[in-house]
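Next come two complexes built around subunit A: one with subunit B, the other with subunit C.
Coming up: the complex of A and B.
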């Protein structure tokens, strides 16, 4: 049996009040045969100024979690089935829509994978930025226009003042994402939720955007909830990481701990499946099978159908998320497994 | 893999006319592929990488003559496929198959697996009924599916399974060449590894050559014997996979490698990174001289005027003035010099002996 070393310094930080705290959160969607729980028992926190990564494969519930924090889940067909979302100690789920509108934009902003879909093609970039600024600040159009130019310049768009007059279709994907970031910064949010902000971009442009986000975050001491399916990007930008599988968080840790020694077999599987792992001539190591229907694994560890370490005890009951100091994992065998990372 | 040439592409161009105005006059040309040469050997995997819009898909489609090239030639097994009439082309095409990125839209939602995979067996091998179904089952088993999947429809499968069905369908006419256009880009990493292993197995078993198109250099390096790197309609570097990945000769290849994040925070945060300025320019009006000069950290005066020719080298070639007029790398890796944006001194002073 291996002991998990608890770093007291890290524990002090854990005990400090988080900016955002999601607790035992669950979301369900109405389907032909009743409610389907797509996010289940999700708990994590984001502290001021840090970047928390949310990583997992498509459909694992990352976007639904993010949209829930912004209260942007369509209800119906969706409903929040359990849990609390505390932002600076206040439960966002208890707010009415006008109160929530104040939170969005003033304190929490969000950027998306497809910036084009978030912009109106019929209005210029400048009009949309001005509108975003004036929705939250009592300033004149002129002042808002100046601020918009400042923001575009800040996110690295050359000739910012002229570009304000452009319509979105004149911007490349990378420039649109910069414009979205400018809009998100308009009200100096304490938390930026970035849902796969670089997934639709080329890698050289992705590198630019990651560099930009890192710089802005330091400049404004802004916390980020950074959602990605790409472990390389997560290794680059996150301080801590939560790994999602089939609607649940299966592991959370600091980025260094996660890559050096994952505690959950799914995390290990993701790391081993990357083409950069091992020698280029080695065969890749996939995770066998596919994500199962949630209902078919409701009575056991959800990863049991694909786990190479699965044993009888894994089939006995659903597995709770268990904390080991600053880390947490959802695996009954975490104490006797020694898993391999990439670091 | 052998040294026998299966595909030979020379001077390939594909320009798309851009029409505008009331009378739809041609006002410009998108130079999607603008003079590309390469060979694929029997049983070999040639990786084709580059960013969005660089012309990878257009190249792949032109090789199969799914679109008519504007100029150049494509020889398949010694035959100039651009000279073939439609009947001869159809017979040749059976030996060249294609699979696409989106396994959702490339299967007919109304057709069962037996019909999708069975159709090419009927067309090319004249199989019907029981014989056809038996052959389909054999193909399904090759790609890791089973006989019980025969009567199912595409919506009943996951993305990875659908890509397996597409691969089975492509294998049906026993092709010599498989053009794979971003075959794993829409798949999650764990499933991506399953499909890449499958493609490698199939290649081993049947000796099929692959043209593997992807924007992901890490995936391409894993599966390819050789890699060609495209930028704005041109191949800028081509060589043995290991050389291209670890000893790149072209500044764009170096930048591309530097931009792929390494899934290890310790290594990733210590790396010396090159962050390129700006976006890929429009293929409507590629920059004069070297097409990469607007973003190249090593650009010299000559680069703004003279289009660098492809200079042949051991295992491939590179199109960059650093190898002829510049600091004369002569085929050595561009990693040996400091990019101008990082170095205070002129580029020439930084060549290591």
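Coming up: the complex of A and C.
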């Protein structure tokens, strides 16, 4: 946990000026019966050099949020219904497509969940790295090739120069993810969006990739938006976390605080459902039920249907995100509840 | 492929060489390719190697059986059949390559844009393809040739139009599948311009089925050209063409029956070769997927 304390200090220095700030952001998708709001009133910020985690179940809207920052959600059927996404003070939603293209890969880069599908099978690794470099830097193929070899070397692939000529199918999953990271770093972005980068990898490779990401982040003073459903991974790499549920952020806090004492019953549920090292557990406690469709719970707390602490006041009105100093939670009962964290 | 790596550890194999490696192991594919190369050489070297002028008539020696002087005999006005076959091969090959080439030239940009951009443009292009496809291929080719007038060039154009919907559909379908792949999203996420994505990242991924389809279609083009010439809409006499030769020998099927087999067998063999080649290409070109 020592790294956390160091990162806290870094955070204080830059707190005044977030690199990325998402404000009251909402995304809707067209369905058979009108617009369905899949991301609603999402606000968070990422500061230079810090790692912000975005956690939630499948369908909680975390990937849509990430794709929206890159303006990569297809419109139609999607549309951005409200909010602003400020990157270095500039509203990304106000940019036109050519301007946005200058941001993608250059200032904000992204790595994906399935490295095998995220690399084009018809091109060599080198070719794809060169594509990433030449998209934003006016360099010759030769120079780009040299840079690609450097990048591959940087992410720890031995014999980088030879491996540039390989096609993706010749790489293992871990190596592919390293190659993806190399491509994302090509133009030294200020922000890296990592959409479940370790989900498709086995545990030992996961640990290696996380170590790599952490090292690179420090080396380049790069901010990271880390999307995951794996709380263990989040605890390992993130400085702060926002928990998403049914399209909304239900709780945000530093990793340490979130794990120590969650303020939202959903967070508590996630923690209880997570196996813990060194703690004998016969059975993990699942959260009953499934994520409801946002429209069906629009008039109340969205987690109410699955919450074991649900009371009348939870059904009365939609719950706003309430701040408690640096933390925030979307629970009306947060003052009376004492929820269990991990030790 | 795994064996190749094992033999030369540390040495990376290019995709191209993997393709040749696999293709060279496919014996029938190699034979078909060799036959087609030979045929092309003969067709274009015909002025040098043909024993006679294909138009020279020797009325004293008509419908002669194969002999040392005329290896494949002579036709109804005493022209050397072997020489005419050699010159005729040129027509068949040109018709095949040009009609498929022309069709691809039109279908490729339209299909790529249609599949990638979708929207109203896609609808317009695909409804056009539907309209063309409602008409039987040969009837359509016949009609177009008849309207444009007989001749090799017009027959080629007619065939190109006939092939258009098939190529459009194939290209669009492939693009629709590829555009949803994460690696296209990844390309967008690093800021690659849309035009480059379509021209490069998408095109390379749909190339394999396209090459195979082109080879198969060439076989069909060859047959269709023969049919058009047979019906008098393709190459005009006295120029030699396989289809033409088929139709003129048809008249003498009872008196000089061997004649009809010569262009017939040549057409059949060439179509077969193109199909076998297409199969071999399909097997060797398959997108590289990791085998565990």
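By definition in this document, the second predicted complex is superposed on the first by the 321 of 343 C-alpha atoms of A that agree within 3 Å, B and C clash if a C-alpha of one lies under 4 Å from a C-alpha of the other, contacts with A are read in each partner's own complex, and residues count from 1 in each chain.
One rule holds in what follows: contacts are C-beta pairs under 8 Å (C-beta built on N, C-alpha and C of every residue); 3 or more make two chains touch, one makes a residue touch a chain.
Just so it is clear, the model here is predicted, and its values are computed rather than measured.
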Judging by the criteria at the top, classify the pair subunit B and subunit C on subunit A as clash or fit.
fit
Just to be sure I read the superposition right, which of the two partners does A:104 touch: subunit B = first, subunit C = second, or both, or neither?
second
Which of subunit B and subunit C A:207 touches, first, second, both or neither
first
Is A:269 contacted by the first partner subunit B, the second partner subunit C, both or neither?
first
Have a look at where A:58 lands relative to subunit B and subunit C in the superposition and call it first, second, both or neither.
first
Which of the two partners, first being subunit B and second being subunit C, lies in contact with A:256: first, second, both, or neither?
first
Scan A:290 for contacts with subunit B and subunit C and give back first, second, both or neither.
first
For A:153, decide between first (touching subunit B), second (touching subunit C), both and neither.
neither
Nearest-approach distance, in Å, of subunit C Cα atoms to those of subunit B in the combined model:
5
Using the touch definition from the top, list the residues of subunit B that touch subunit A in their complex.
51-52, 158, 160-161, 188-194, 196-197, 200, 215-219, 221-222, 241-242, 245, 255-256, 258-269, 273, 275-276, 279-280
Contacting residues of subunit A [partner subunit B, same complex]
57-58, 172-175, 202-208, 210-211, 229-236, 255-256, 259-260, 269-271, 273-277, 280, 283-288, 290-291, 342-343
The subunit A residues in contact with subunit C across the complex are 70, 72, 101-106, 109-110, 112, 114, 116-124, 131-132, 135-136, 159, 162-163, 165-170, 180, 183-184, 186
Would you tell me which residues of subunit C are touching subunit A in their complex?
10-12, 14-15, 181-193, 201, 204-205, 207, 287-290
